[in-house]
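What follows is a pair of complexes built around chain A, which joins chain B in one and chain C in the other.
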Partner chain A sequence: MADKRKRRRPDLSSDDDGEVHIPFKNRLKPDAAIIKTLEGITASLRSSSSSSSKTLTLNDLSLANACREVTDLSLASVQCSIESLVLSIARSILAGEGFSFSVPSRGAANQLYVPELDRIVLKDKSSLRPYANISTVRKTSITTRILQLVHQLCLKNIHVTKRDLFYTDVKLFQDQTQSDTVLDDVSCMLGCTRSSLNVIAAEKGVVVGRLIFSDNGDMIDCTKMGMGGKAIPPNIDRVGDMQSDALFILLVEKDAAYIRLAEDRFYNRFPCIIVTAKGQPDVATRLFLRKMKMELKLPVLALMDSDPYGLKILSVYGCGSKNMSYDSANLTTPDIKWLGIRPSDLDKYKIPEQCRLPMTEQDIKTGKDLLEEDFVKKNPGWVEELTLMVKTKKKAEIQALSSFGFQYLSEVYLPLKLQQQDWL
Partner chain B sequence: MEIGGSSESPSEAKKSKAKTPRKPKESSSSLKQKSPAEFFAENKNIAGFDNPGKSLYTTVRELVENSLDSAESISELPVVEITIEEIGKSKFNSMIGLVDRERIDEALYDDYETEKAREKRLAKEARAQEIQAKNISLGKKVKEPQSARAIKGRVLSGTKYGLKQTRGKFGLGAKMALIWSKMSTGLPIEISSSMKGQNYLSFCRLDIDIHRNIPHVHAHEKRDNKERWHGAEIQVVIEGNWTTYRSKILHYMRQMAVISPYAQFLFKFVSDASDKTVTIRFARRTDVMPPVPLETKHHPSSVDLLLIKRLIAETSKQNLLQFLQHEFVNIGKSYADRLIGEMGPNFSPKMAVKSLTSQQIVRIHQLFRQAKFDDPSGDCLSPAGEYNLRLGIIKELHPDMVATYSGSAQVFEGHPFIVEAGVSVGGKDVKQGLNIFRFANRIPLLFEQGADVVTRTALKRINWSNYKINQTQDKIGVFVSIVSTKIPFKGTGKEYIGDDITEIASAVKCCVQLKSKIVKKMQAREQQERKRNLSKYIPDVTGAVYDVLKGMAQLHASKKKRFEAEDAELLGKVSARVVTKETLMEKLAQYVEQVDYEMALEYATQSGVSEEPRESIFLQSLEAEDQYVDLHNPIFVFRLFR
Partner chain C sequence: MADKRKRRRPDLSSDDDGEVHIPFKNRLKPDAAIIKTLEGITASLRSSSSSSSKTLTLNDLSLANACREVTDLSLASVQCSIESLVLSIARSILAGEGFSFSVPSRGAANQLYVPELDRIVLKDKSSLRPYANISTVRKTSITTRILQLVHQLCLKNIHVTKRDLFYTDVKLFQDQTQSDTVLDDVSCMLGCTRSSLNVIAAEKGVVVGRLIFSDNGDMIDCTKMGMGGKAIPPNIDRVGDMQSDALFILLVEKDAAYIRLAEDRFYNRFPCIIVTAKGQPDVATRLFLRKMKMELKLPVLALMDSDPYGLKILSVYGCGSKNMSYDSANLTTPDIKWLGIRPSDLDKYKIPEQCRLPMTEQDIKTGKDLLEEDFVKKNPGWVEELTLMVKTKKKAEIQALSSFGFQYLSEVYLPLKLQQQDWL
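Up next is the complex of A and B:
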């Protein structure tokens, strides 16, 4: 690690006598000083988290509303619940009474943000899905079919992707969103996580940096995965033995910034783990991030676009999505810090006007809606930033920093942010 | 291939590559006035003559609209025949008496690649048949052949020049076609016309003198009319391009047929290549015609300074009070008095209106802008009518379902307007998704659809799923017809209505009133299709259930997994094939049958027998002899058919 940093030095010094003036470069302290402060923060986080023995769960709180949460179930118990469900359906049909499912409602009205847990949970409202009703007959049929397919998976003990599942009966499902939605309904109905159904999503997230873990028995060293990094495995149950000497986890919204950081080997300059899900995070990335946070006890710093969607994505990592709120206990990572690019950074780092984009009407509406969300309200700093964004009506992507040079992000912006501990 | 030349002597026509006939260059040094005809000759794109294809389209539509106007103005049911005949180069040259010379140096010619741009002959007949009324002649073109010349041959002197709902765009219409024919082929137009009962045809061949803006008559004669044909026929030879605008022209005809189901259209395209020939007939489906739009006086909030001056110059009224009272709508005597009082001390009710100074007129104008007036009534408008719109949609699209709506008159800048709308689902020759049909003053608008208020409303402001309509998969037809004394067109082409006029946008949106109708219809449709839709999934569901049962039965039989009591009993039946997929299917089908019966019963008791007002259907015996007695009354006429 030390020798690597030495290797970088000449580059830096050559920049320093540089003909090009890079803003704020001179304010940077030496890397060692920054790392020292980071070490302090990580250590204090570790000690505090070890003292607070156990994370809160729903059961610890006595909430007025009953809430629905799912757990990881073994394959055998999934199979059992499907079988008893199907038996009751068959009996109902044979009795000449048709049949219906009672499906937990996953609509916005049935969501509840619990500030103590800092995540969204599902209330216990459910709706009846009868077969003999013109508005539900399609969904009921799809639900039955999905149950049968999952039952097959249980019998054979294999994993398939959501796409596979869709293609087993394209004629019925029509498009993948329909089978995907029902799949979530089914896991909600059976009270298990989606991974327990043995259905996985295609790999989307990637990780690079100072992390070693085992994937299905193979040890993976994420510093030696080349530039692209390691794809985050879809089955989190096969991941284990995480080890790291990183000081923090850097969560990046988009691929472009991730590639920049990976190529510059930012994790060697400041020991860290860099993760991205390339936009809206999938289940695997969220599970993986949570696992890292829980096992390694590192602070998570998020690098997002300065627009409402950046914050929205951040909220999905932090508090969960409404679509998957039934499993928010496993999917959310608490205590993610918003590092940048924040609306106030636009002026602070003198990002030129031509790199800022005017927000569209839709953007502004999304921003205002976000201001009403509980997970934003609980953090006064975020409210302030978001209010600023809606007021100035300007947004900027991470790439806006490239106006000072492609490597400005990794060489000046991030180190400076870390040095100032400028996160919310 | 452009042919320009002096029209008087077509035999002298020369081949020239200039787009327009040669402009007079001799007077370039002196200041000279442009005639309106010259102006339009140089700015063809404003009137829709940008290129040969568009020119053909515009010529067709202007002539069709003219003939509809003529027939409607005399309350005749229109019969319009359009024939476009393709004339190849050599045939054209022989027509104008030019020897078709072989090209020696191919590179000399501009049109080397574009052989397709060929001349079209456009013959159009507007004939009114089966005329019952006797006292009326057949429209302006026929009534006095003398005036026909004056109108056709002079630009900007249309007969449509009052405040009135009109089809035409600039009061130009066919005259532009005339200029275009002169510019592109140099051949004069031919008009023959005859009134009913006339034993002669009046035939006229004329073209326009572009510089002097007067018609130039080549021939004007009476011809025999042995067949007792009546109507008007115009023949014009222009340069056009059928290939590029074929679909636009056909769309136009179809939409015209939708909005005017009382007219009969026969469209023909004749070409030397027989496979390109097209013949389409749009049959008449009703004899109910919209009323002729009435000419109305100006509304005070719609007039501008120039218009006030013109009205003052033309008025027969002596004093200011009478002028205000009689030359505008919605100003009564007492209101006129109040207005004059408000104008200031320099005004008095008895002052001579012609003596008003410019400043005083400005003051009147200002007051008109600021004062409050009652909205103009929509009585002077002639909307297509809900009945006709509906009939037109059914006739041309054969939809599964149609709902129509007619709004009340509303006002924009002192001009009344009425919005009518229709929504259809399904049908023949309709593509999936939204099909938008726009009509302004009962003519279809085909171009610049994207920015139009109707398109934007339909795409963005209406949530189709509220109507249980799938915006991408259902075949939806949206028909919006706006009539007004002044349509607030945007753009030079006058092809769309701006989205920024909130009055119109909200009126269009108001067609949400269709909602209850649509939902009702959809419910009725659901009733019919419920059983089919419910039964559709029976095999899927029972297959899935049976598959799981079978798997369990096997586990049970092989003792890998134990099931208890009644579960075991059921699985035993599955193993013994007492319960099979067919059993499940049968039971579920029975259940669906039962549910369907119950729901149908419920629907019937809820909605009652007459769920919506009955609509009268007009059945017309087209060919039968008319035998009836009219019972007249000042308000209505009873017609007793025998």
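Up next is the complex of A and C:
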């Protein structure tokens, strides 16, 4: 077979004259066989997650006092917390003691990676922010104002963006970084997520496939969203009633691959939910992915570019970004599998040499830095792949698969990956 | 009234204690009265566009020979055009004459703004691209390869991105700008739009409100899309069956304002369709807006930041961008009205001084450059507004309205604008 191929000298970069040149197409089993395997995996995942190994928390690790995490709170609880806080301030003032806020520190020195949780969390350091002090009076005023504005949002039950918040009092806030920073402080002080404060981020993610959910009261069937898909809602608290007959969630780094899979209705061939944030993950997409994973108990398989940024994006979905570490429990999705494009796929799938791009100095440095990160080190398979990438100094985009035909991704690469359970 | 206000010294930047401080809220008529006015406007627009003044074309202006525009072609016509082209090449080669392509020039010197059409179009200059010439052999090969790849897309009836196209033959194309450029050449040569070639752009726009349409065969009801809205499909040729009881289309520059209007379901108070490209307009959103305007015959009202970029974005929707001028007829939406935020609104709506930002040198230069552009000059109202902006050297974002309360935009500003038909 290999011999015969060599003699014909096939041009791997064209797919215009038939099936012969398409690597591995002949190894594919019938779809039904692949689906059967997937059903087994999903079932075992569900039984294990429902029975013994419940998700670890800081409490289980006796870290609840040493570390700090925020949770989703109802609007009523947020309102209640603010009112108690303000009452205690009033009492303090009436007692002639002025007032100050105790604000958790969010600096790097106060952050900790907890391997058991596979997340970055905040340690328990706090600092005092007194009103009657020349160096903190401004920040204390801003904090009070933000608390008041969030209280308004609770009463009206509406959502606003950070930008809206800033513009309600430009004179006080001066620039948006000041109101943004204090907003994160307020999240930590109240012990709730930023989305619990009804302050939301602009969304850019889309979802398509075997998922039904409610968005602000409207039932959405994601198999009936054409090629464009459903825009992921900016406010996770109005998302609910998730139902699905999917066997896995396919997390796609970029738009182009998403479009291919949506047009081919890949989710009808292999029951799945396809989601993408179109590049860097935004908060709304991260919250949505976590909610799907938690409620539907499905494996999450990630399809990223084979470069350090692909892996970095995967890590943001998986264990959070440093500047929102106080909220890592709600923003991260545990146990995401790295499906592809992995550095070892380049040879395995015979990606043509000209589709492999040389890594820049910066790429190589980023790759080496990632090798030092805890979330990579805990997974020997990932270390091996990343080491290979840094050694060969080659990267490749998902689109590189188009060299075997536009539909190679959906018709051969992904089905074969699923058949072979080839993820790490 | 003004006196009384002065004595109370209201703090305009807060909305927490009642209605008193909200400017103009008391001038609003009942919604039914405003809707009645809008119905009249929409009806007159429909009757005028259906009867006498049909859309002008290059033909009407006797410019069809002097200028070049592309049109939407069916996949079968594209396939047919490519096959005829290739046949003529084969004949030329068999006659011993080698072959060359005649490629329309897309340079600035070959572009023309046609005031009657309010669009930029291409003049008729072409250049020859012979195969048997050392300086053009590479480009001719690339052109042939792109024609072949597009022909494949026709046969398979699938859509791909420019990036996919590039990766099918990296060895030949070398970098993506080369395949992209030739793709635009091929559009011009075949006289069809790029989307007719089934090569699509990544979409980022969303739509919500009183619109029903089909996306790749699925019927989408945009009143039932929650807060996230429906992602605008990347491929306009699979969009159809548009139905609507809206009275206007609200074109919003940015995400934050879109979210406000979607959460408040503004489209249920005043029947409308709300659409945004979240910043710089992408091709998919421009095509979608034009299709809505043409099929539904609704007025389009634009809500932009009051800065030179807001107006520039409006101009891209309205009369196209320079580098896709050959396709301006299909990408542009005629007769978009500038609703706000207009420079004169800053005083009229008493936007607090601290929410007006000083324009940078670059802003002022961009503003002055815009004053020289034909699409601004043809509209005296726009010239007046832009002159005011450049004179006061102040800009403001849509979010500046949040200084009167988070919902001032949806509850007062927009209804009053509609009531007063305050657009240019």
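In this section, the second predicted complex is superposed on the first by the 307 of 424 C-alpha atoms of A that agree within 3 Å, B and C clash if a C-alpha of one lies under 4 Å from a C-alpha of the other, contacts with A are read in each partner's own complex, and residues count from 1 in each chain.
Note that in this section a contact is a pair of C-beta atoms (placed from the backbone, for glycine too) under 8 Å apart; a residue touches a chain by one contact, two chains touch by 3 or more.
What you see is a predicted model; the values in this text were computed from it and never measured.
Student: By the touch definition at the top of the document, which applies to A:161: first (chain B), second (chain C), both, or neither?
Tutor: Once the two structures are laid over each other on A, A:161 reaches chain C alone.
Student: On the A-aligned overlay, A:206 touches which partner chain: chain B = first, chain C = second, or both, or neither?
Tutor: A:206: touches chain C, not chain B.
Student: With the two complexes superposed on chain A, say which partner A:355 touches: chain B (first), chain C (second), both, or neither.
Tutor: A:355 contacts chain C only, not chain B.
Student: When the two structures are overlaid on chain A, which partner does A:407 contact: first (chain B), second (chain C), both, or neither?
Tutor: Second partner only, chain C.
Student: Between chain B (first) and chain C (second), which does A:148 come into contact with in this model arrangement: first, second, both, or neither?
Tutor: After superposition on chain A, A:148 lies in contact with both partners, chain B and chain C.
Student: In the overlaid three-chain picture, which partner chain does A:97 touch, first (chain B) or second (chain C), both, or neither?
Tutor: First partner only, chain B.
Student: Looking at chain A, does chain C or chain B touch more of its residues?
Tutor: Counting contacted residues of chain A, the larger count belongs to C.
Student: Which partner chains sit in contact with A:131 here, chain B, chain C, both or neither? Use first/second/both/neither.
Tutor: first
Student: For chain A, which residues belong to both interfaces, chain B and chain C?
Tutor: Common to the two interfaces on chain A: residues 148, 152, 169.
Student: List the residues on chain C that touch chain A in their complex, please.
Tutor: Chain C residues touching chain A: 13-16, 148, 152-153, 156, 158-161, 163-171, 200, 202-204, 206, 214-220, 224-235, 238, 255-256, 259-260, 263-264, 278, 352, 354-355, 397, 399-403, 405-407.
Student: Using the touch rule from the top, collect the residues of chain A that touch chain B in their complex.
Tutor: Per the touch definition, chain A meets chain B at residues 82-84, 86-87, 89-91, 93-94, 96-98, 131-132, 134, 137-138, 140-141, 144-145, 147-148, 151-152, 155, 169, 172.
Student: So in the complex, which bits of chain B are touching chain A?
Tutor: 526, 530, 533-534, 536-537, 540-542, 544-545, 547-549, 551-552, 566-567, 570, 579, 583-584, 587-588, 590-592, 594-595
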